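In this document, chain identifiers A, B, C and D correspond to the written order of the chains, with residue numbering beginning at 1 in each.
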Amino acid sequence: MLAALIILPLIGAATCWLIPFDRLRPKVLSLFSLAHFGITLRLLIVTPPESPGGWFHLDALGKIVLLSTSTLFLVCALYSIGYLFYRQERSNRALCMWLLVCLSAASLVTITHHLGLMWVALETTTISMAPLIYFNRNARSIEATWKYLLICSVGVALALIGLYFLAYATIVARVEPSLLLDDLIRDAGKLSSGWVHAAFVFLLVGFGTKMGLAPLHTWKPDAYGEAPGLVGALLSGGLVNLAFLALLRVYQLCLATKEIVFFQNALIVMGLFSMVMAAVFMARQADFKRMLAYSSVEHVGIMAVALGLGGKAIFGALFHILANGLTKGVLFLSSGNIHRSYNSKRTDQVRGVLRRLPWSGGIFLAGFIAITGSPPFAPFISEFTIISSAFMQGQMLVGAIFLLSLTVIFIGMALTVLPMVMGEVPADSEKTAYRDTFWTVGPPLALLLLMFLLGVWIPEPLMTLLRDAAALLEVPQ
Amino acid sequence: MHSALQGYFDPALVALVAALVIGCAGIPGLFLRKPGPGQILSTAATILAAMAGVPASLQLLFSHTTTTYLLQWSLPFGPCELVIDPLSAFFLLPVFIVAAAGSLFAVGYWPAAEHRATERGLTFFYGLLASSMAILLMARNGVFFLMVWEVMALSAYFLIVVEHERENVRRAGIVYLIATHTGTLVLFVYFSLLAAQTGSFLLPPVGSLSALSPYAAIMALAAFVGFGAKAGIMPFHLWLPSAHANAPSHVSALMSGVILKMGLYGIFRSLTFFYEPPLLWGVVLTVCGIASALLGITFAVAQRDLKRLLACSSIENIGIITTGLGVAMMGVSSHNPTLMYLGMAGALLHILNHSFFKPLLFLGSGAIIHAAGTREMNLMGGLGKGMPRVALLFLIGSVAICGIPPLNGFVSEFLLYLGFFSQLKADSLVYLVLLAPVLALVGGLALIAFTKLYGSVFLGTPRSQAAAHPHEAGWPMLLPMAFLALLCLLIGVAPQLAMRLVSPAIAAFYPQPFVAEIPAGYDSVLGRLSLAGILLLTAVVLVTLLWRWRLGRGRVATAPTWGCGYQRGTARVQYGATSFSEFVVAVFNGMVRQKIDRPTLGGLFPRSARCSDVPTETLLDRVIVPLFMLVGAWSAFLRRLQYGLIHLYMMYIFATLFILMLWAH
Amino acid sequence: MITLADQLLVLVLLINFISLGTSRLIFSIRAVAVQGVILGILPGLIHPFSWHLVGITTVIIAVKGFVIPLLLVRAVRSAEIKREVEPFLGYVPTLLLGAVFTALSFGFAGKLPMLPEHQNYMFVPASIATLMSGFLVLTTRRKAISQVIGYLILENGIFIFGLLLAEAMPIMVEAGALLDLLVGTFVMGIVINQISREFSSLDTSRLTSLKEE
Amino acid sequence: MTNSIIHILLALTMPPLLLGVIGKTKAAFAGRVGAPFLQPYYDIIRLLRKGSVFSTTTSWVFRAGPIVALATTAVAALLIPFGAHQSPISFDGDMILYAYLFALGRFFTMAAALDTGSSFEGMGSAREATFSCLAEPTLFFALITLSRLSGSYSLSGMLINISFGVWLNTGAALLLLVCGMFIVLLAENCRIPFDDPNTHLELTMIHEVMVLDHSGPALAIIQYGAALKLFVLGAFFVHLALPYATGNSLIDWGLFVISMLELAVVIGMVESAMARLRLVRVPQLLVAAAILAAFSTLLVIR
């Protein structure tokens, strides 16, 4: 079962590579993503046994990330049917193939408990995304790709040396050298704090770079801005969560080694810094895709702060994995439609979207309302949980900075989004072939409805899943 | 009749169902292909629901019952209770009445046939807004409260921007949205702290929290800011005038008549949680309240836009209510039942009154705009001849809002005055009485504002072609206005009845038995008041009879107005809205600013020139917007960080690594 | 043996300084190639003989010593660039910084506990120093090529540390090393070619159109 | 009961006499014989016989103006105590009703003026609105002071309470109050120095210009209403300035009538002694009155 998660997408990638017809590939893509989604659901219901040696083990944390990633992939795959119909000028072979490779690697990240293997998988996702960012084949996209690749590779390399430190710590401590999470947690007490500290710092910076915590976020706006809408969705909704999962693993380790306080403080500081940075850069943002990128920076900041706060906020962080990831999907996919229709990302040219594209515009507007934490959408639940636990824990200052940056961000986004969607279409705006169709509007709409549903009603199984996951991250008294 | 109802079904359930029905009323219209039926359907449903909901809430009010339902939800914020107590029931009344009136008005004012594009959404969000307000009054779980609160705020936003092709509508919408969302974030803090105190998100029962705990002050402040931003109390009123002015009129009626009250409800409800509130709370409320009243009405006097004037006068009325509440809180903290009772009664009754005459006036303004095609009062005039019924109803509304006997506005202000004076004998809080002259000044200014409004709109001769041929509003527009006017007259002539409504709500604050016997004393006073009102009406009738009798004797001729010797007087030389208020605005210059441009006339035969006075929103234009600009410029400096140089980015990573290393070791 | 390994490590450090100090791209590419060869030899010196070891050694020497340099040299040739013109930071300051960081890394390594058998090697300081020099190159140079070189040096630093673990968890180390090589060579190589086709130069200071005004 | 009847009779019959007395006084000061004391009665009766002319631009609001104005003043007359006698209607807080009744009358008077569409009448109502709004606080400060002194919340209580004893105790406060209230009395009744009832230049008028278009019975009603207003406010003022009272009911009625006539004479003297103020000065004078009254309040409540 677990193996299927990895292998199936690879088969799909191979088929996409072999198929000669551009029209057919998106459907193949959707087919395999659908199968992957099915397997995911099956795995969520019947938990597979831990593999011998404990290399593969789908625990609650993995389940949450796997669920969000697989859902997002499915939606993006379906969207690609409609989207690529408007991008027939160039072959989509690379796109479909690398998407599936990325899916496979992503699943691997979620199910493995071997940090080394997880690192390899993460690196694979990084590489496999590079050609997708370069999909548009122009100067800007090559620049974006270059920055993305260089910065993320450096980050991942730092993560690697962090892992080496960890491994060496086990050797020094004369315990059985291993990078299996469970072994490490078992022997955590014996490891020498010097190496462990160094390891945590390098891992935080490494995975933080991949996740896009400020000031390591610098690749994000470029990559998100230049990549096609659905790639942006996958980057901000999928890969971010994978990196966050890696951080969660490190967090588990910290809990075991009792070095948690330093790690938590570091997380809070970097998280708040990310939110403030996002607030600064979102004000008067002239490019709505870049704005979304900064919003993604903001939300990884939120997740980091929540992780740092611990307690009830953990639940918020875990729920935010789903809420943020899927809402980002809504925003990026609809913004992709808007981009197609106006053939511009500049907010001074994109006006009156509700007039020209009632559906995409409405979805974009609703997504904006959702991502800024307004009920009745899912992000409200996670964000409110985090804020309230900040204040309940008496962390007034953290809560205050948190709320302040949320306010500024809301103002910034509102001043960008509302003029976009409202009003009349400027007379001189470019006429393009794009029209809202079922395949371009359906997927984001479905995600939006899902967000609304999760905002008012969390099904019991999901609730238990979240609780189990939170239990894994409890600070032991 | 209420006792008869009681036997059959549970009034609380009726109210709840009514609220839900109103919420769903707009949904069918979204799916119907033909534009008309959906609107009719939703209107019918809303009115029926209101007709069920009003008696239900009345019965809940009279029977002092508190009903609790437990909502099954799966969100991780503890149990979610829906509770209707007398306070909620009291606030439910305006929700049902105004919602029904507005939706009937919409049939004539925003007919689906003419507004195919917008009508569906408008109807839907209107219903959503009304029902969310009703549910809000029942919500007793902080998080659920917040969710309903935000649904209310957002649907109000979509109602405001329904005509978003117009620039100023968009601007009003953005300002409103930012204001309300900021307020909501402050409420996040409030409810979090509340939960931290009580240990659960359920709202605490009456008088269960100490007001002296270190967090209490922060909580009170957060509640005041968060709810005050919605109610439009003075420092937080910025969004209010433009939002109310630019929304469709029946929406403005609902917003001004009821949504503001939701903010006040939040403050009322929050104050019930604490026992022994410090005197300071009452003082703060009173000061902000009287300031809002005075400044709000001063702004209103200066306005030239019909609906802006009404919106500013909403600030004034909210201020009066807040003053009453503050006085009442002073009474609570100084253990002075009389003061508390009078303040609270005045505030609550004024809430009820304001939610009758303000919607009446806004609906009237809708009819006027329909007829004259503009909101600029300087272009109107003489509409009274074309639309006499609207003119009459509007006159009633204007007299009521000025707080003049024998209408309802006077009763609530009367109670407040009694409250101010009641401390004269006692030696504590005697300075409270100095509020009376200020309130009197406010009354005088209100008189100016509404004479100006009524005079420049309905009286005299038309000042523009647009206003030259007004048409009387249809019955769907007249009926709701007439109903509201009737309510105003009823409360004005029989204030004792109104007190029956108010007393149970007061009991929510101050559950001591005294609430039973204090009103008895004031009932007689109010009885005399109604007597005086009736006497006044009789006097009017008598004098009229005398006049008619003498008129019958002499001969009656008609002629043009005497021009005092000026033969070439045109409609343009009438005293317009701006010229009417120019004198008093000059007197109060500084409190209200105007962008005045006066032409300089040179030479023996100066060329034609224009002169204009435009009231400006001082705080918004001179303080807030520049502040944003400043922050933007400052952040522009930080934006250099993202300067596209990958080497810098590398350096950030390096630096982060380095700092963390130093921190770790 | 030990002394030899240490001397080689010293050589590695020297090469760091060379690549920090030189302005001619070809030269620094060659230097990095030599560094790669040395890293290939090192495992043979500290670990007992095994065919597995031979395999690793050959692969590493082949890739780090020959494949990558060839790729890079081709890129340089195709883009007709000889030398790194005005770097962001002059050569002398860069060298000084390199010296400082090397010293720092020795200090840092001193604070960390080691296995007795690794006690008298200078693996840790060398690896960290190399890492730092890699960072320095990345932050101070303009040309895309030199940034790839910087990345490679950084990788070498990591690899040196990996040697300590080579016997404990060989698979891990090899996987890491190979994956890095994959990134370092192929992907970046491809991208570099794309860049030189798109901009007809490898000057990354031209890649600054994406920024906040 | 008898007191109430006398009260109503006085209110019905006496007001125009005050106007007559004022006129006579002014005439005497000008060295003229002047019109007879009863002239105002003759005018009103004559007007009641005349026919009416209505402007074509007016609506029912115009006709309602004088009627409501008179009605409100009449009800106010029932609230105020004449002399040492309880007023027919008196309850806690009636002073507020008293104050707001005039507001109602003013609303309709101004509306009627605006209804004619004449620029002059609009101008007049604008001025009236501003001045009366500024006069409002003074009245309330007075009410506060009186209520504080008497401890009563009804006009009868607080006015009848004033006596020479009170003057001896709190003379300063009452003196300030008398000055303030006298200014308000003149302003509210449009006497010199605020307005000239019998000027003939519309540009300078305030109250008179608002009623330019009324004629016949309506004008009669207006004139009687104005007189009644003067009478009612005067009664209020007389309580402060000339608080004579003996125990005997009839004598007190006599004293009241006399003191009202004294008041009329004083007004006449002021009018003949002073000139009209420039319009821009009027608000300043009113604010000054408010300040005087405020001081008196502070004196008694501190």
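Here is the rule we use: contacts are C-beta pairs under 8 Å (C-beta built on N, C-alpha and C of every residue); 3 or more make two chains touch, one makes a residue touch a chain.
Just so it is clear, the model here is predicted, and its values are computed rather than measured.
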Message: Hop distance check: subunit C to subunit D, minimum number of steps through touching chains?
response: 2
Statement: Closest to the centroid of all CA atoms, by its own CA mean, is chain B
Query: Which pair wins on C-beta contacts, A-B or A-C?
result: A-B
Message: Farthest chain from subunit D, going by the mean of C-alpha atoms per chain?
response: C
Task: Go ahead and note the Å separation of the Cα centroids belonging to subunit A and subunit B.
output: 44
- request: Let me have the rounded angstrom distance from the C-alpha centre of subunit A over to the C-alpha centre of subunit C, please.
  value: 31
Message: Please tell me the distance, in whole Å, between the geometric centres of subunit B and subunit C computed from their C-alpha atoms.
response: 70
- line: dist(centroid_CA(subunit A), centroid_CA(subunit D)) in Å evaluates to 79
- request: Give the residues of subunit D that touch two or more other chains, as numbers and ranges in rising order.
  value: none
Message: Give the residues of subunit C touching no fewer than two other chains, as numbers and ranges.
response: 111, 138, 147, 204, 207-210, 212-213
- line: Shared-interface residues of subunit B (touching two or more other chains) are 639, 642, 646, 650, 661, 665
Task: Name, in rising order, each residue of subunit B that touches subunit D in their complex.
output: 381-382, 384-385, 388, 391, 395, 398-399, 402-405, 410, 413-414, 417-418, 421, 424-425, 430-431, 433-434, 436-438, 440-441, 443-445, 447-448, 450-452, 454-456, 458-461, 524-525, 528-529, 531-532, 535-536, 539-540, 542-544, 546-547, 550-551, 553-564, 569, 571, 573-575, 579-584, 587
Field: Of subunit B, residues touching subunit A in the complex
entry: 73-76, 143, 146-147, 150-151, 154, 161, 164-165, 167, 170, 173-174, 177-178, 181-182, 184-186, 188-189, 191-193, 195-196, 628, 631-632, 635, 638-639, 641-642, 646, 648-650, 652-653, 655-657, 660-661, 663-665
Residues on subunit B engaged by subunit C in the complex (per definition of touch): 639-640, 642-647, 650-651, 654, 661, 665
Message: Could you list, by residue number, the parts of subunit A that touch subunit B in their complex?
response: 146-147, 150-151, 154-155, 158, 194, 197-198, 200-202, 204-205, 208-209, 215-216, 218-219, 221, 262, 266, 277, 280-281, 283-284, 315, 354, 369, 372, 374-376, 380-381, 384-385, 387-388, 390-392, 394, 399, 403, 406-408, 410-411, 414-415, 418-419, 422-424, 456-460, 463
Message: Applying the document's contact rule, which stretches of subunit C touch subunit B when the two form their complex?
response: 88, 108, 111, 135, 138-142, 147, 204-205, 207-213
